[in-house]
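Two complexes, one shared chain (subunit A), two partners (subunit B, subunit C).
And now, the complex of A and B:
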């Protein structure tokens, strides 16, 4: 009858089914298990590479983050900066505008601050200089964000490629100005205004970086309510979910794209300002250091919720710094910390699959033949 | 009706917490047409997808010709000579019919399109299909595309054919043609399973009817021994009055005048050509036509969502007795003119609502701009959401449930509820009962009738001609973007409308 049919019937070894709604607690326990497994796997990798005791490896990870006051300070500073950029890209991503140009927007923001510091020196009162830098950085970030937004709104140009390309333009721009500013022709610029500290954000209560952290904390709260309870935030959500629905109820989609990218670019510019004025006091090509891309992940993992982003950015910075410390302690080069971060992030992202799907194995009693 | 070709025993399939099929037993004989009847969401398609290898059952057995088989993929299904014709066609637009038919086949020898074309013609001749194997898919009508899909399955030697709602996209004439072909296949000894929820088609075509309700198998009856009301009762679980009441229009007044409207789509192709008609208050104006004949563009043009090349849309305000031209106005401008135009679009979750938002947030879509505050006011929409849930009996855990989690009927109640809550003067609804179960469909018909009695000009785009004839006062028929006729709903015949739908030039003498 069925000549060409397979004669023996085999149930597939496993098949995948979509889960119904998983409880929040269930979802978080899957995520926690994923983090635990990822730590275990990274420990195994390090032990295999170095022969160190795994407990030592975890100790290094912890001490890399909380080992000393200056380490804690840097930890929180790093979290604040990553969180700031994550908050910046969130409105764009919530609108399904793939802003991969945060890196460039931060860079031009930082460049603008550095330019103000370099040219104005201490000719103005410090507070005024900082204010000018603040505005200049935000404006530059806005310009960098607006260019792709306008092209998207007017001609539906693909924003993913556009924003990505703008990053390279920004990098070249920074290289150009460093060459212009550093007389020796070196590609590295030293601290700007090192003696006068003009344009440096002051220490608050004697604590370095405290101003950065406070500004980002306020920004987190503002962004939370902007997205959740404001009319503009609602428009962003509607455009992101379905531009057809947005048009149907009379939202001007182009206007929302341009307005949202103004916010996104502007906040990236602010991050650039905080990095130059409040942290590095100089500008380099690596000012954003890949945070523009890591921020995308922070934002996605938090499902675009600014409150959750505090946690996700903490997690990622903690892991990155821990992995860096392991590399130092075990005298391995920096690639190891990249490998470890990669392993950990792989598990975190992979865990989302298990939250959405269930795997059914072949049932036992049918296996007996 | 001798041998059993296909048998299902205790088939169960779950998606998360939803049980799509629960312990279903079913059998189909050689040389018969079996109808699988059930409301939307009763699990018909899921069941058939398990036979054709798209899903894998959680429990139960499938037997082909008396032997237990395991079907893991559509390829396995083909090996067992099972072919399914899906509701959404899976064809390559730029390929010809014959090319599509042989696509993906691993035949012995070299690729020989001539040979294939010949075989396609042979199959077409045998069963009485009307097809040109060399015609490209993108030049074909929906019914032709369906023919290609059916031949594709026959070409692969299928003995069991499953058709998922094949008549949903066809005119009455095309449906008749399809039925004749299916009858010929049956005489040839093929087993045909047709998924449907249209009762009169079941009665006209099939030998036996198997009924599913909420994923459960209810029973199989022999078609010649049953009738519409018995089948409905099996399908719904209770007796239902299938008549739609229709009142006489009271004091009809010209509310909307569309004059010589021309529209082009994004590719610059004319989709509306010289459309002129009037919609009166207190009546339901039906719009009939083959899917994609310009119905969507027409409603969107009126709503301000479609660019108008030429023509006018005049709105007569019942209160101020002023006339406004709505051409070249955005939806927001139309609102600010005081025009109370409500629109239930075809694409509910992609246009009318946001699937990931809850009911309250979906109420906000229409009203969020109210007030000068920078922040949203959620109180009013919350009251409205609760009112709609109560009055229209929306089955939902709460007003804060994302609407995508609701069933089709409840989604539509939320959308229609919101649209009529602004007490409109014109209400446009595109395919408002598509995918709805019988009870929800009748709720929607009643809501439209209520609006009509309140003096609203209702425009109803429908696909089921029986419903259009029962519900509407007048029916506008369009074909290929042109008006091919206007008929009176009380006297029109289905065949007459079907003829007008396919005849896009000669409608003038029918007015």
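And now, the complex of A and C:
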């Protein structure tokens, strides 16, 4: 970054100053340039690794996402799931409550749904079963989110570690129940109620996942207005900025923490429900598949704005799906997907630096001889 | 800001030039035979797992033998046992695959679903249990009599134990084998029991301790498990888990190791003894040719020593006891002729008693009901009523830790 080779005595070659004046258009053009550069760097990396031509690589990336109706469907489904979990963590993060436990909250939510499917089978009308699963999942997510929230509010326990460790408890809980439910010891549930489809969200207009996608779309709008226009949303913002200010103006900080984590955990539970009832129809240890952590990134990149999160989650899923296709077409290890996503996220996060800071080069007329 | 834009413009321009230069260099390398039949492989992990590497390498070998292009052999790795498996199958169908093979037990229900949705495509699944009862024309299971391979690998292990006893390194009753298993599941239990019976057929005092990692692939856990067994007095280690964790731990401690699915001689030149493996190439060839010729694929195929699906990898002569190869060859001939049965009821006892009857859960149902009598003519008929193993009895001489 800095060029020390040509050091001058009085003024460095470049120096960095903070700027507060960049326009929205300016900021977005910096981000777009960053994405363009990151795509080129990714292309160069892939070309160096494989010798494939980059046009082919980008074509694969595009066709991996939009190549067919089913691919588009999967793309939207994956966006919906990531977005749902991102929306769930957003109120907590906006409040500066570091909820790294989305993974576990989703898992227990999913586990609750699976338990309903396993024990109730087709003893109830499907709509009733689905309703029970819906409530059970949200409640489980709330419980998993509330435990660290109460400890934070009452004893100021470190929520980062607490929520993180709750993930492992959730994983073990899922393992335990699978072992209980599958006496053969294979630790594989497989599709639950495969023959009766009890507890499976139905297809809407013959399309899989459509219910998931619609629910998350509605949720996005609701969350947008909740954070932007509601009193509670305002309280979250104030607590996030400064809990002392919040106390000073009469906000009950503890109540806000507990209330917000109820929402956060509940929505994670909802994601668990959608993943079990509307997607996998089973529960596994990696039901959340790391989305609980990716969601943190989605939320931060969008500066906690649900509308922008649609874009950031699209970007991440697009990259993952595209890189998966590249891996198959170019016979690369699937890890290439992580490498490419890493490169692109690096550039996007890096671009924030250029939005917030200005690089001043040494002006020419001051240059000494 | 202006300077910054300038710098960016230069970066972009250079990158674009590089892009086009690369384009010019390599183009039109994509003229494969589009009319050819395509085969798709769905793997739970990637080449880093010995289990999946075994499938990938076999398919690549078949690709080479049949001179197929990369375009005709599509491999999807790291596909979890969830809806993602169905999606992967769906995408392979869309890419034009006529035969699709999935390698993990948990893929089965999703592959079955895909088979129902795409009746014109053939779906094959390793280690699965449902094809013989589902009776779909385009859904097939496959496995192999790997218990015979494990028995032979066990013979090599028993010979090694004998050598250690003769050399005075251990006493007869200290001939304890350690086994790192993945899950307490029939495929694993059948595997370690046949291995143990092989070892005990040559070393009568051998006993075995089994420990589970509760994961199919976890390098650190498998390593820990192997070290733990060694610390608990095990003098030879084998495993049914898919990473290099255990073989490498054995090499560190100088304890002989018998592996599965790949030769580990390069990882442990001084301790790797031999491995049993399922060679999937004959099966891949079978299903590919069936698709080309429009023939039916067997509903539930079980490979054998004879058809080349059950194999032993190269014997590491620096580790093996003298005469091991000759002994293996003799026992192999006896297994092939039917003179020796791995699970002969004379060879093992359960709680001190000979087993004359056993009902196994052969036909998969939600309640896991034992449904088929599998002991007759003096032996347990493993992999005969369906290809996937169902021997899940804890026999005397083996303790689970």
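Heads up, the rule we're going with is that the second predicted complex is superposed on the first by the 354 of 369 C-alpha atoms of A that agree within 3 Å, B and C clash if a C-alpha of one lies under 4 Å from a C-alpha of the other, contacts with A are read in each partner's own complex, and residues count from 1 in each chain.
Assume a residue touches a chain if its C-beta (ideal position, glycine included) is under 8 Å from a C-beta of that chain, and two chains touch if they have at least 3 such contacts.
No experiment lies behind these values; they were computed from the predicted model shown.
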Which term applies to subunit B and subunit C once both are placed on subunit A by superposition, clash or fit? fit
In the overlay, answer first, second, both or neither for which of subunit B and subunit C A:172 touches. neither
In the superposed arrangement, which partner chain does A:282 touch: subunit B (first), subunit C (second), both, or neither? second
Check the residue A:43 against both partner chains and state whether it touches subunit B (first), subunit C (second), both, or neither. second
Between subunit B and subunit C, more extensive residue contact with subunit A: C
Following superposition on chain A: angle at subunit A, subunit B versus subunit C, Cα, nearest 10°: 140
Please indicate which partner A:248 is in contact with in the superposed arrangement: first for subunit B, second for subunit C, both, or neither. first
Just checking: does A:196 make contact with subunit B only, subunit C only, both, or neither of them? Give me first, second, both or neither. neither
Name the contact category of A:237: first (subunit B only), second (subunit C only), both, or neither. first
Taking the superposition as given, tell me the minimum C-alpha spacing from subunit B to subunit C, whole angstrom. 11
For the subunit B and subunit A complex, residues of the former touching the latter: 14-18, 56, 58, 64-65, 67-70, 72, 76, 79-81, 303-305, 330-332, 335, 343, 345, 347, 350-357, 361, 364-366, 368-369, 373-376, 405
Give the list of subunit A residues in touch with subunit C in this complex. 26, 33, 36-37, 40-41, 43-44, 47, 51-56, 67-68, 70-71, 74, 175, 182-188, 190-191, 194, 279-282, 284, 286-287, 289, 324, 327-328, 331, 333-335, 354, 358-359, 361
Partner subunit B, residues of subunit A touching it in the complex: 1-2, 4-6, 9-12, 15, 17-21, 225, 229-232, 234, 237-238, 241-242, 244-245, 247-250, 252, 360
Footprint of subunit A on subunit C - complex, ascending: 1, 3-4, 8, 11-12, 15-16, 18-19, 22-23, 25-27, 30, 46-47, 70, 74-78, 80-83, 87, 90-91, 94, 105-106, 108-110, 112-113, 183-188, 214, 361, 368, 392
